[in-house]
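First the structure, in the form of structure tokens, and then the observations on it.
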Amino acid sequence: MPLSVEEIRKDFPIFERTVRDGKKLIYLDSGATSQKPNAVIDAESDFYRFHNSAAHRGVHQLAEEATDAYEGARETVATFLGAPGGSNEIVFTKSATEALNLLAYAMGNAAPGSRFALEPGDRIVVTEMEHHSNLVPWQQLAQRTGAELAWFEVTPDGRLDLSALDTVISHGTKVVALTHQSNVLGTINPLDEIVRRAHEVGAVVILDACQSAPHMRINVEELGIDFLAFSGHKALGPTGVGVLWGRINLLENLPPFLFGGSMIEMVTMTSATWAPVPQKFEAGVPNMAQAVGLAAALDYLTKIGMDNIHAHESALTGLLLDKLLAIDKVAVIGPTSNTERGSALSFTVSDIHPHDLGQFLDSQGIAVRTGAHCAWPLARRLNVSATTRASLYLYNDEQDCQALADGVVAAQRYFGSF
Amino acid sequence: MQLDSLYQEVILDHYKHPQHKGLSSNFDAQVHHVNTSCGDEITLNITLEADIVSSLTWDGQGCSISQASVSMMSDLLLGKSINDASAILSSFCELMASKGTSTGDADLLEDAVAFAGVSKFPGRIKCALLGWMAFKDVVIQAQSK
Amino acid sequence: MPLSVEEIRKDFPIFERTVRDGKKLIYLDSGATSQKPNAVIDAESDFYRFHNSAAHRGVHQLAEEATDAYEGARETVATFLGAPGGSNEIVFTKSATEALNLLAYAMGNAAPGSRFALEPGDRIVVTEMEHHSNLVPWQQLAQRTGAELAWFEVTPDGRLDLSALDTVISHGTKVVALTHQSNVLGTINPLDEIVRRAHEVGAVVILDACQSAPHMRINVEELGIDFLAFSGHKALGPTGVGVLWGRINLLENLPPFLFGGSMIEMVTMTSATWAPVPQKFEAGVPNMAQAVGLAAALDYLTKIGMDNIHAHESALTGLLLDKLLAIDKVAVIGPTSNTERGSALSFTVSDIHPHDLGQFLDSQGIAVRTGAHCAWPLARRLNVSATTRASLYLYNDEQDCQALADGVVAAQRYFGSF
Amino acid sequence: MQLDSLYQEVILDHYKHPQHKGLSSNFDAQVHHVNTSCGDEITLNITLEADIVSSLTWDGQGCSISQASVSMMSDLLLGKSINDASAILSSFCELMASKGTSTGDADLLEDAVAFAGVSKFPGRIKCALLGWMAFKDVVIQAQSK
């Protein structure tokens, strides 16, 4: 079903404002963070207004309501991801970055010889297109444990080079951590073969779904993966909340990460035991209002339909690719074919530095992101120190794409004297 | 007053006069369960003869709901077969999950239907279940010996 | 200046609702989490409505506005705490729990022999009245590094036993981590001697200010400490945000904790270097809306005046102490004198289990907390497995105190058949 | 149009025709600075003779603002005493912090007053400062040799 962007935009108050002296806001930076519908903003405020209290921690009515709201949010996330083990498989974090660090640190806390312990001779596999948040934690874990970090390279057209799949994911590989969709290239990575091989050697597969979960239907069971992380703020949700999903038996065997209130079973001055999953991973008074806001976001997305959203973005991406590629001196960084790709679209315009292009577009009301997009190794591999990235979401339409194309041409005119 | 549906007379009775409290010195298995959110504790000893719960004793501390519940449970399950006890356990768990919509199966639960009111107080369900979860656990341990 | 509680309550929408079939809400659980004024709720929503975008990450106007809002919040926190090094000394975390874990993990990441590295022979000092969030992270760090964990004991009247100060804080002590105000006892700990001795042996002093920063004027320079943590949600702020303050030269020497976007300087596939403080400690898209909400909370508190708030709470605490101690069978756990104590007040009523008392009070509309309050070792030391805790804030008044005292008496009547 | 206050003609000129670009093979100190938020990079070489900046060369890549700024800076500071250079540096930093309220001290900054407009674009201030911060750093390193 095609989306009615006009109707959808009415739900997002930010589109009522203008930028740069009255210009219409053309927001093409959802890959960095999405805008929020009223349903989400209200869910968060209503929690504070009507039910605010510390979940799990009181006998009073507000505490009951806060607990219900928070645990209800967990159910919503579990359903959204198709978690086979239900809501106990959902851990709320502050962000995807924290979720990925949680995994790396928790593995670092594993007792030598136990399920998740890494040691010299073990291997962690990532890819060259990872966001720093799914790269640096693994670098550090490798350094701390003596495990080796290996990676899949990226081809010039922005796909994973899987030709050496069985050598990269060697025996001894314990962790394969990769992104579902590149935040720079838009590439959607094929998972079947990677998952098959990873499981063959006994590794767990960790999926960074920051750029996919907000944009397409995800079913963790169908994907066959073991852990998944995504951020609320890129999925119409509030800032300050992320999700870690893990298979229940894995989460149960994984040591905890943050220590403190609510994650313990018993504590003495010198020792402590842990609460069951998921509490074991949620130390302290949780980000309740943000979890509730995220649930409202996922409800909103589900109501519109993830397949509809994906189809909408695909159509726009195709259009935008055509429009940009038709402009002289524009090069798209990443797949130029509109298959197995999402709606993050990076490009360069020769002679205009992305930072200058972004600034010019901003003067036209068009919000894009410029730089290396937290993926320096990828930028270096593709030999572009910086790019301009447009990223689309359900509230974008053809006019936005046209505005960007026009903006690029106008920038070429503006900086033409170069 | 809604509170009265929680604090049924029979519950307060068991709290004041707990049954089977005081741990037996012999047992097939022993478990110690804690309600991490409020610190209630229960230790439960079980002895099985063939398939029958021949001894079930406990010690603990906590609120009226947790203590009355384990007291009533030990009364109810003592002398039952593991099968029958499991059916009663399931029925009790179902009642606790009913959010006040069920009055409980009096044939199976007998006096323990008094806990029906607890299911309306989400913060107390764990209290009522503490002893029962310990029972579930202790049976597994006794059987795997 | 005395507070006008009636006026203040009008700012807090939750007091417009009732609980348990129409009963007035008497909220005495601010020690767990505080209620939120409209100014805070609106600041968070307005961020989403008008300025939402990823801070530090775009060239467009919204990104500028988001950055301004977020960095402005940092300034507000720095001023609130009297940070001598200004806003660069302020790190936003998701909670105090995360802030304390950050310190413990970051020290764990220190290279052997460097400023913060711990090894066998070194000592970490805590107290017996710590919240689990300021105890378990240090237990774990001690276990990981081989350092020894030592602690100050608590006297029967709920004060720190500092008689052996110089032996507990021995040479070789690297860290002294303690709470400013006990969340169970209300005790405010004297810091001068501890800080003096800690610095004498070269240790850093880490203050858990969760229960003090929301309730009294804090000036980190006057306190002479090195690090401080507190949670936004206990200080009228949103959930999902906490603060770590640290002396700039210490933060600069401390290794990072969470790894990922925005905290790096350069990244290759196998190595990374770090951004300057405070970015080094803030990986990922930050909890911007929550930081902005927290700043609004601190502005609100500052406008009313921290000294006024403290005086108001002190007066109420004295009143409540008198009222409770006048009731038969009530025992106060913690200082019964109203000096060097805050407004968290724990007590037991013999024959009535705290959980039952809390439930009864709830039926009267009174929200208190019951249990061990995330401080098991303290409960064990004082031989009370659980207590009932009332905790006050600026929106409480004498009627609330009277309602609690009446509620306790009524509970004794209700459970009198015991 | 506000954008024109950012992209002054003289800035675009320096971007197109950068001065002192290309690293000298001899130097007293060298630093490499990066704008972590956008990836702009600058390497700066300095040679001091007595107290005078006798050589100042650089290489780098980045946006027009960062590249023009370092180009103009090297033009401006070459041949100056460390004291004079520091005064100019301070004046430039002040201008960048002025949020569009200052037009800059033309006596000290000469052509670099063209960057006044940058101070209205908080996202670009770091770009304009990149070379200057590198200079601050490289002087310290050269002096501590």
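To keep things simple, chains are lettered A, B, C and D as they appear, and every chain counts its residues starting from 1.
Please note the rule applied: a contact is a pair of C-beta atoms (placed from the backbone, for glycine too) under 8 Å apart; a residue touches a chain by one contact, two chains touch by 3 or more.
Labels paired with UniProt names: A, C = cysteine desulfurase; B, D = Unannotated protein.
The shown structure was predicted, so the numbers you read here are calculated from the model rather than taken from an experiment.
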Distance from chain D to chain A - Cα centre to Cα centre, in angstrom: 37
Length of the line joining the C-alpha centres of chain A and chain B, rounded to whole Å: 45
What's the distance between the Cα centroids of chain B and chain D, rounded to whole Å? 76
Where in chain A do residues touch at least two different other chains? 20, 57-59, 63, 264, 266, 355, 359, 370-371, 376
Tell me, which residues of chain B touch at least two other chains? 37, 121, 123-124
Chain contact graph, described as a line, ring, star, complete graph or other shape: other
What's the complete list of touching chain pairs for this entry? A-B, A-C, A-D, B-C, C-D
Interfacial residue positions of chain A with respect to chain B in the complex: 56-59, 63-64, 67-68, 264-266, 275, 279
If we count contacts the way the header does, which residues on chain D are in touch with chain C in the complex? 34, 36-37, 121-124
Which of the residues in chain C end up touching chain A in this complex? 13-14, 17, 19-20, 25, 27, 29, 32-33, 35-36, 40-41, 44-45, 48-50, 52-54, 57-63, 94-98, 100-101, 104-105, 109, 128, 131-137, 139-140, 149, 151, 231, 233, 238-241, 258-262, 264, 266-272, 283-290, 355, 358-359, 361-362, 366-371, 374, 376-377, 380
Can you check the complex and tell me which residues of chain B touch chain C? 1-3, 6-7, 12, 15-16, 37-41, 61-66, 121, 123-124, 127
Would you tell me which residues of chain C are touching chain B in their complex? 20-21, 353-356, 359-360, 363, 370-372, 376, 379, 385-386, 414-415, 417-418
